[in-house]
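Shared chain: subunit A. Partners: subunit B in the first complex, subunit C in the second.
After this line comes the complex of A and B, so read on.
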């Protein structure tokens, strides 16, 4: 560095305020450092998986190396070709997906490959959506067709499931073709955020949320018919968040909530079999080998893991049904420790706060509303999952974002992350010249 | 193997903590600083409003980002949007207004009193939306605003501004008066926009003037603004009830209007206290303190 440059730098530094200094310091994280940390974490966490049962699983090693190299490759390509510098959200998603992959592989060696494919598909969906979201005109154009299409898709898949598939785990929410199955409700989540948000000129020109109410009620109604109450609840919560952000009218929301509550009471009163599904709520210890089996096992084993866990592969919760899907948080607490479990929860909460911060300076109200509603959706799903398996809320069978095994959920969560990222002007360095 | 498990029990939480804390801090604190992208200047009161967001609503209602308390401004009148290819102004009430105009047009073709949702950029009526650029004069109802760009997205992005089909081009012609527009189109209830024609100077005899009833003095109104008051004003008053700068006459495209700037003392037009700029018609009496001023000249 020449003397002149050094002087200029010093002069610039001397005119900076405290806020500027903080902003400059945290402008972006050291990408190589975080990637190295991620690699170390994934290598260390996979050791017990690779060397379990007295064997060496080369298949797992190959898949792990592919995942790690994909992370490096992705960041490198994005840095060089898209000139992106901010990868914080992607790093958190990589980290959480890595934990999910590790636990999936440790419980069932064969299911890791499928999970890995869905992670890669999720990242692709994330980037395609992020690219699509950069032009607000394009975004506003697709909203109505998407709303109609997603309602039709949800309705048609319900009819198909009802006729040809039947109930799986007490709900009609699995659309399965020959050996391949997906949850339509997960994909409608993306459309829900898309349709709910709008730019300020469109928002003020219509000034009503009737069309959105019709769409939301249609989605929630079909989900009720599918008996997928957990997802219906997530949709309802997101609907409230979006309605509030669109109108800012608290009275209407209280009115909607009161009506929903009345509706729920009616359902419980006239359809007792719905209420029977939640009968074990707050009574799990009364039937620890029946209805309360999963929740009681989660409570017992996650405590026995202690602060730092018993080590991956040494837990007992892995033998309980749905240990890598619904109960995965219990598995983390038992095998990796409550410490990591709490950090994961904190990470989800922090992402919601980040969505709120970035929505203030977003390039359109569409991005603000979509980021906040996507973050609320993820946070509410996390709460519903964690509180459900620990018996603080009724067990509804929703997944833990990124970590639970399952393709639809993984792709949907990556897509929701695209909405959160799009609200940050740093997501599009070429357009907004943030570098 | 047991050794690795024992070590990993402590390594994994440490790495988790580092990754999450580093990423979250950057997400929270590394946001670019909030900027002022442009300004809206109220030409009546002279107030300057900063546009700090990409989308800013403007209107009479308190829920708008910029509140203009004039009767002729709608509750939510317009939205300024900063897009990658430049600035736009959106007419929020366009659809409603169009419907209203259709109904009114059916009832009586000539009368259309609702002026509250009109937006004009440099005298050109905006239908749905229009591009705006630095120095443009924007008329909301009958309130004139000046738009200034502090941070031009077009220059920044290094792109040429694209003109989409649905936007109305807004010509910036500083040399051209803003009030001479073909009004026949407007009266018929259709909203086709025509470029303003060059204004020919009105004859001297038809110049509007203000006549002081007490002293008999006449003042020919010229320029865009005329101040009335006790202090250094164009029209000087001797009344002790008048303020130093009591009222303002502003030239709109519809004609001269009177606006009060005295605050408590108040200006009366034909015996009524005015709270917002009011258009003047020939024979109108402006009362300031105990002085009476006649307006002569007719509506343009």
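After this line comes the complex of A and C, so read on.
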């Protein structure tokens, strides 16, 4: 046993329980093993992408090799220089992002590069945010300016979109200028968890509660104006989770939900066009060439693929609008199989379980609340996406975290991962050691 | 910190709810997969709304009625066979909703939950289905109908195999008339409907079989009675009374002779004597209010109602007029029950793959309750009809039993009916011929029935 390994073992032993200590022994193997498996999976899944249309796409090979070596490089650097010991979240994110990259490249060979850049950018944001979150003083310092700035940013974006951009897919949620576009609501998601968890850290300071409520209502209000009901729903849901984590009071939550439901009914009553957008819900088969077009195609092609899929590149859903963004889960089921689809769903669920377990031993309630609410946000968004396109829930047009093509969503999800990771004491080995 | 630890359980609830949603999603995939995958919008197997990849449908001899060749559905080479089997196998576009190609398309495209339709797509071959129908008999029946609208149905009353199910008007899938949607003359009325399954018609005199069954079961001295026919039967002199006109003046007749000559006077009189309750009970026992399941397709229910009827109405109902409407398949099964000693065997169309047969839960249908004794008596009467009245020469070598019908309808000529069966040991087949506005049962339906049954007799 080398000195390094012994050190590693000592560190692990001091932080782990008995059961973990035994498992720790195999961690070294695990990391390399998991990365190898991940690499194999990615190489295999890219084969039909690289060799398609009777050609060999060297460009795709280069980008794939870059992505794979980046994964190894990142884990290596973090292990050797930052002394991180666990990479569960990173592996999940690499796995999901890899699937997204593969499908994006498969549907449109030229769009992989951009998607690859956003993955790298996402990882950068993740590490920067993770670094920032390690000091709770920094967190408290920035929460009020962040809240004010986010709300102003969202409001200003809405005004700008209203005036200069217009609706895209029935909502005012795309900020675009000179060929570059982003979704402001995705970035406000990060601030939402941040402000929500930070302002509630001091349990008895009622001023903070009001600040968060005003901030939340402001965000949700602007999202409604933007007609981005899916994201508004995600914000509301996260608000509920944060409130519960903070107060533990179920009655208040029921009360809030009842008021929200009344509000929703009011909207449906006074603004029938909002309800009309969801009129096809549970009736998609009655209008398969109109409002039910996307959902019915997802269902038709998902089952066509069976458990193991028709093979990447052989699907039909790829020809349907938004196949690599909102409908990407259907594309996975069709081409890679329902089995891979279920694995992805399990991966999302395990993120939440990881967040829950980590948050129990988190050094501060800020970490606990932010980890759980970030995980809940990701999970809820996954629900809205997967069950929306399969007509179990109304279709709201939200993306599937990590997998859907698109930069804003990718960066936001990586940032949310920082909150989850921050709750894990092993995320900050240096701080832990000095303690 | 402790309280926070407890509250983290909210995440567990979320995950559980999430998995519940996943479970529902997978279950609906499992339960509806076949229907979804075989949807016309699935471009894996449809192109421009036409099925491009699907298995072959064979007739009972293994003759291909339709198969796939290079992403196109290829139908039988003989035009009459194509016309005669159109409504059973259906078209490639799915206009004929009761066709096998539509109802069993999930099976034809080889869908299953594990593989989806991967095997079908990768091999360009679906799963094959074998039918009980015979291509030659179907073609013969189509030709015999001679352009008439209506339906011809033949099935083996011992096994339930449907040999022939022709519905007209029909068309050639290779030469579909372009004026189907624009035509106003009515020659394409209900062209996409399989009249045998989804049609109901006024039964006319064929319904006298039902009245006869009711009489046999409820009037002990029915065979000893004599009746007098004066060309009409006057039900009485009160309100709601009137005359039931007969098709002739038959004079003194007994029960058997009355059925031979199809005397309206006698059967109207019997129906009134039996009364609405007994008639309704018999009709119910013979399955007229129930639909018949032929695998995945259910027939339309026949209707018979005497609620609020007058004596005159009951009289008309007793001879198959009034509001009574019957489904040809129902009449076929009734004939089958009479022929088979009271046991009605459920008809079926698909003979393999065998897992598709499981939809036929029991070969003996519970729809029809008929005692063996009554069945024997009725069989004798129906044999007498052919032997003593229509003439065995109308059905050379077939030993037929049967009853004709000429159902009066409000528009045009009467519907010509023949319902019957052969009692020959090696020819256990029942037949129903119904020609819409075809004329008289005796002159128009019997020749068709003979031609079809001769074709059945020649079948290997």
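As a working rule, the second predicted complex is superposed on the first by the 396 of 435 C-alpha atoms of A that agree within 3 Å, B and C clash if a C-alpha of one lies under 4 Å from a C-alpha of the other, contacts with A are read in each partner's own complex, and residues count from 1 in each chain.
Keep in mind that, in the parts below, a contact is a pair of C-beta atoms (placed from the backbone, for glycine too) under 8 Å apart; a residue touches a chain by one contact, two chains touch by 3 or more.
Here the structure is a predicted model, which means the values were calculated and not measured.
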First, second, both or neither for A:301, with subunit B first and subunit C second: second
Touching partner for A:376 - first (subunit B), second (subunit C), both, neither: second
Touched partner set for A:288, first subunit B, second subunit C, both or neither: second
Which superposed partner A:309 touches (first subunit B, second subunit C, both, neither): both
First, second, both or neither for A:365, with subunit B first and subunit C second: both
Partner chain in contact with A:322 - subunit B first, subunit C second, else both or neither: neither
Superposition-derived comparison: subunit B or subunit C, residues of subunit A touched: B
Which of subunit B and subunit C A:345 touches, first, second, both or neither: second
First (subunit B), second (subunit C), both or neither touched by A:47: first
Which of subunit B and subunit C A:387 touches, first, second, both or neither: second
Set intersection of subunit A contacts, subunit C complex versus subunit B complex: 248, 308-309, 311, 314, 353, 360, 365
Residues of subunit A that touch subunit B when the two form their complex: 19-20, 22-23, 25-30, 33-34, 37-38, 40-41, 44-45, 47-48, 51, 86, 88-89, 91-92, 95, 135-136, 199-201, 204-205, 207, 248, 308-309, 311-312, 314, 336-337, 339-340, 343, 346-347, 350-351, 353-354, 357-358, 360-365, 424-426, 431, 433-434
Residues of subunit A touching subunit C in the complex: 241, 244-245, 248, 288-289, 296-297, 299-311, 314, 316, 319, 338, 342, 345, 348-349, 352-353, 355-356, 359-360, 365, 368-369, 372, 375-376, 379-380, 382-383, 386-387, 390, 392
Subunit C - residues contacting subunit A, complex: 1, 3-12, 14-15, 18-19, 21-22, 24-26, 28-29, 32-33, 36-37, 39, 41-44, 111-118, 121-122
Touching residues (chain side subunit B, partner subunit A) in the complex: 1, 4-6, 8-13, 15-20, 22-34, 53-55, 57, 63, 76, 79, 81-84, 90, 92-95, 129, 156-157
